């Protein structure tokens, strides 16, 4: 297999850690740069002792430097906050490097919507059109040709995959959708904050950002494509006392009476060629442990004739499928590698 | 204070444990009987070492015996499964003992609905009309006069208290309600079952019984009263990796445009005389730890003008407010004691 | 009951929170001041929503001011870091206010030992002799007369209570002691730090500070008293993914052959008048949940004739018995109140 | 690579699940039989939905049948309880099948010791001498030649690897050893038992079986080999509220004064050719998350001159290194495969 050289900008957060973990088992990408402003000079296994003795563990963290990255790497993953990522992406793309941006900077096609939800004017609006939304099940051909991929958000990955068949095939009404999502604590990142302390998160559960989470416009943008018009979604988030995992319970009205068997067949058909989407058997419901550490999106379906509702439960690992694993899948596609390389992962249960 | 003598049938489960805990700090009720078929002959502190050195710890568990209970007790708590409770309740009421039944046997007013959801014909339908649904905020006068109280289910307590002001005051549409509930693992009881093992529940999250949880008819019965006609609710449950706590996120359409301030004022007014219901300040959302071990029901309100929705987040401790604490409040009312006796509880945080 | 006025300096940490919780149920102490440099001006229930609707919830946090505290309070609890506490304690004692200092500043009788382990010269060495080590089971008479109580550390409380009968009665050899302690995460405090994040602590376990934890000299000081000569202890700490609780497994050589029954009888005798120390039945071992939220110290005893060892397992709630509850017991003693006032607590299980 | 055919007897427990997970990523072993008395007829992914879409997921579970296993498999893993395993092992070995026995049946060389600790007379004592104790770092040559490997216990793996250099090189005194071990809840297996319920294990910590855990003789047998005479160890166990992981804190007296640098060098030398043993840098201590899902044994070293002690902290994943991963390593050796095949695993953090 050809081996490509990859860089990772922002290695100290959980998405950076996860990408480092995944690259330990990848035959076609070699990590040659990992950057951090605060930890340059240390090796990766000094930062993350779990990486000791593994292929990437000995790499020395460097300061982020666009020219150095451009010389050393064929593809760069950006695991830095939105706002920061856009400039780095623009500079790298300009230098001919392929970029997978894990931030939100290039996910929203409409700069005004981006500005409204992120409180920030986009500084490279001309590049937005070039960026491909990196959901492999939906956009693989475009991703293969892309120089810049906007890696989807974790919540949107679960919601969009969960609702795609229902909306694109007209099973569910597009109005009045409710997505009730619950996420593990890695979603809050690795910043020191009182609200993320063990003693503030363990053995408790809370709702947050109801109706105003920044992933809302990303979900609405993609779901609107499926139905051909702009729709609004009530998207609401909760914090789970677990490390990894998102489970989204999606509530829709049935567009017409349908049996569970019919809905299940439509989902199975929609994802027939998508090995990472597991439409569970009728009657089964997903749980986060079954996707832990993997690329799987598990989907459970419920038709409730009492209330004329279709309930879709969609479940992913927010760090792997919802961030770094998906980024790696996009990199595989962009570089012409086997899409599954490094991602044939079995869940760690329990 | 007058001291009444109380019995507890079914002490080995979590609701029995919790009631024993609460009675340690109650000045007007003395536990004189605690029964268990499997553990008779042992003392309570042998069963539950945490009760060592506490007022109830030395009590010897006895076999359940209706005549013995009737002689010894003025009031009996039934913490046994539905189906079993109805016979015991009937026998005790017949003997002139007041009964608080923590099971579902007398919650559903319509025997046919009971039979449909619980798969069981009611053997004492004549007693159902006498039973009062034990939600103190709504039915205190009737509870005071009752000889049999049907203690509400845990999920219904959260959902009914959460939606009562919205529905009774016409703030929300009664059709299309979605209640997305998440419960701690004590809700599954203390039975040895693989699905309840630590390694099956910890660090994971799952949905279960979507659209067909047995608490559905209880919720629909009470919410229907508020709107004066039969309504249906999409009620859906999830298992949290925490010990105690239920958080229900309730989705309704606004019946008419309203500001958060208006909705908040209506809730504050509805619960002005309800010290255990804390309508949180505008912008605040509840979390389970803040009600841990207490009678509080914390309610957070969100008005989302983008989607014309009212979202009510209602949060209780499923064991205390959702079961044994509420049972004690009902006992206080039935016996003419201060309703708050033994229940002035501050949450254990963290 | 006479009601005394109390102040709490440093309310924003977990020990401050816990003291506020306990004072909600105390009949003889009224919290009239709660201070914080960062949160002055907010009410306690704004800081800690769990306190809403409770007696202390409406108190407005103020800036720490010695003169104001001295005017308003008869007793002040110091829940601030070592180094800071000593000056505040000195100033308050000088103004005639009784002080319970939850920091380490007055625990170590030898200023040189303090300086060595805490890296700090004591600025009020003259006050050290006046301070009483606040372990009620051992020093109640002196505590009653004290104007300054040094509230013991959490680990030392478990180790000292665990080994006191064994050493004072000559059951165990004083040399070669090993104390292997495990603590919940509240022990690390409520500071924002990456190492205390949920995702760094949950579902994992680690050792830390082996052989060099600052509680070592405090343990050695007290154990040395029991045997009448200076001894050294191998004291070693680990971080548990739980909120509250310390369990110390203490390893000693038997001083002479002894049966479990003999050792158990000696422990039972030593703690015959100590209602908060529960010497568990022979064969039983403690667990942290059974002391959660309470003053209990549960002790389990093992005699292992294969290795001639006595193993003592000692278990407390680090926040309640190991900090704020013990502070309240000391305040009760200092003020002539019932020592158990506000502390008749049943554990929250599960 | 040659592909061998493997069988797994007892697939429904956690060690069976873990072996199935690991075989998904193994290039030289194909799982052709998985047996269970209770679940025969179902596919593996019906039992464990996490295995859906993975190489082993479609395998149908069969009843255990020695002749069928012997015909179909070149090597069989036994993941059944001790007592049951010995007969199955004997029958399979007799039929020429290589066996890796994950139970304790062939670990103890002395049948009398086995009978004493396991309460069971060994029915195949003649086979014990043929069985090789499957710790690859110590016995790889014998494992390569073995027809029956006794896979070490989880606790013993951590204790033996932790103390091997200290004892074999005379750094530590062999008398008076204390091993204080803490294990995650998967160690208790997947049996329905009240004591293993989430609500009995979460947010709590307890000691159990102090001085009488069945892994004691296995530890003593191996450590005695290192010092050339029979020694006794005080081995003591605790239950952690985590899924996977064992951390053993081992206390020894230094045999002679030594610096940490000297001890560290000796450990590094002892494990220079052992890629799965990571002797951590001086000053670093292990934690379970860094070995999660892997074969690593992380060792941290502390020399405490105050107490003349060497403290060794040894940490493994009890399911992978302590059971199924080690079994797979043994199988690799027995079959002449690359010892690391299927086991180049990076830890899942967090």
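As written, the chain order gives the labels A, B, C and D, with residue 1 at the start of each chain.
Everything below uses one rule, namely that contacts are C-beta pairs under 8 Å (C-beta built on N, C-alpha and C of every residue); 3 or more make two chains touch, one makes a residue touch a chain.
Just so it is clear, the model here is predicted, and its values are computed rather than measured.
Between B-C and the choices A-D, B-D or C-D, the pair with more than half the same contact pairs by residue number is A-D. The interface with the greater count of contacting C-beta pairs, when A-C is set against A-B, is A-B. Centroids of chain A and chain D (each the mean of its C-alpha atoms) stand 36 Å apart.
For the pair chain A and chain C, the distance between mean C-alpha positions equals 45 Å. In whole angstrom, the spacing between the mean C-alpha positions of chain A and chain B is 39.
Of all residues in chain C, those touching 2 or more other chains are 14, 186, 199-200, 202-203, 241-243, 286, 289, 292, 350, listed in ascending order. Taken together, the chain D residues at the contact with chain A in this complex read 14, 17, 21, 24-25, 48-54, 186, 202-203, 243-244, 275-276, 278, 280, 284, 286, 289-293, 296, 298, 344, 346-350. Contacts from chain B toward chain A in the complex involve residues 176, 178, 180, 182, 184, 199-200, 202-208, 210-212, 232-234, 236, 238, 240-243, 245, 247, 249, 251, 253, 285-289, 292, 300, 302, 304, 306-307, 309, 311, 313, 350. Listed in rising order, the residues of chain D touching chain B in the complex are 14, 185-186, 190-194, 196-203, 241-243.
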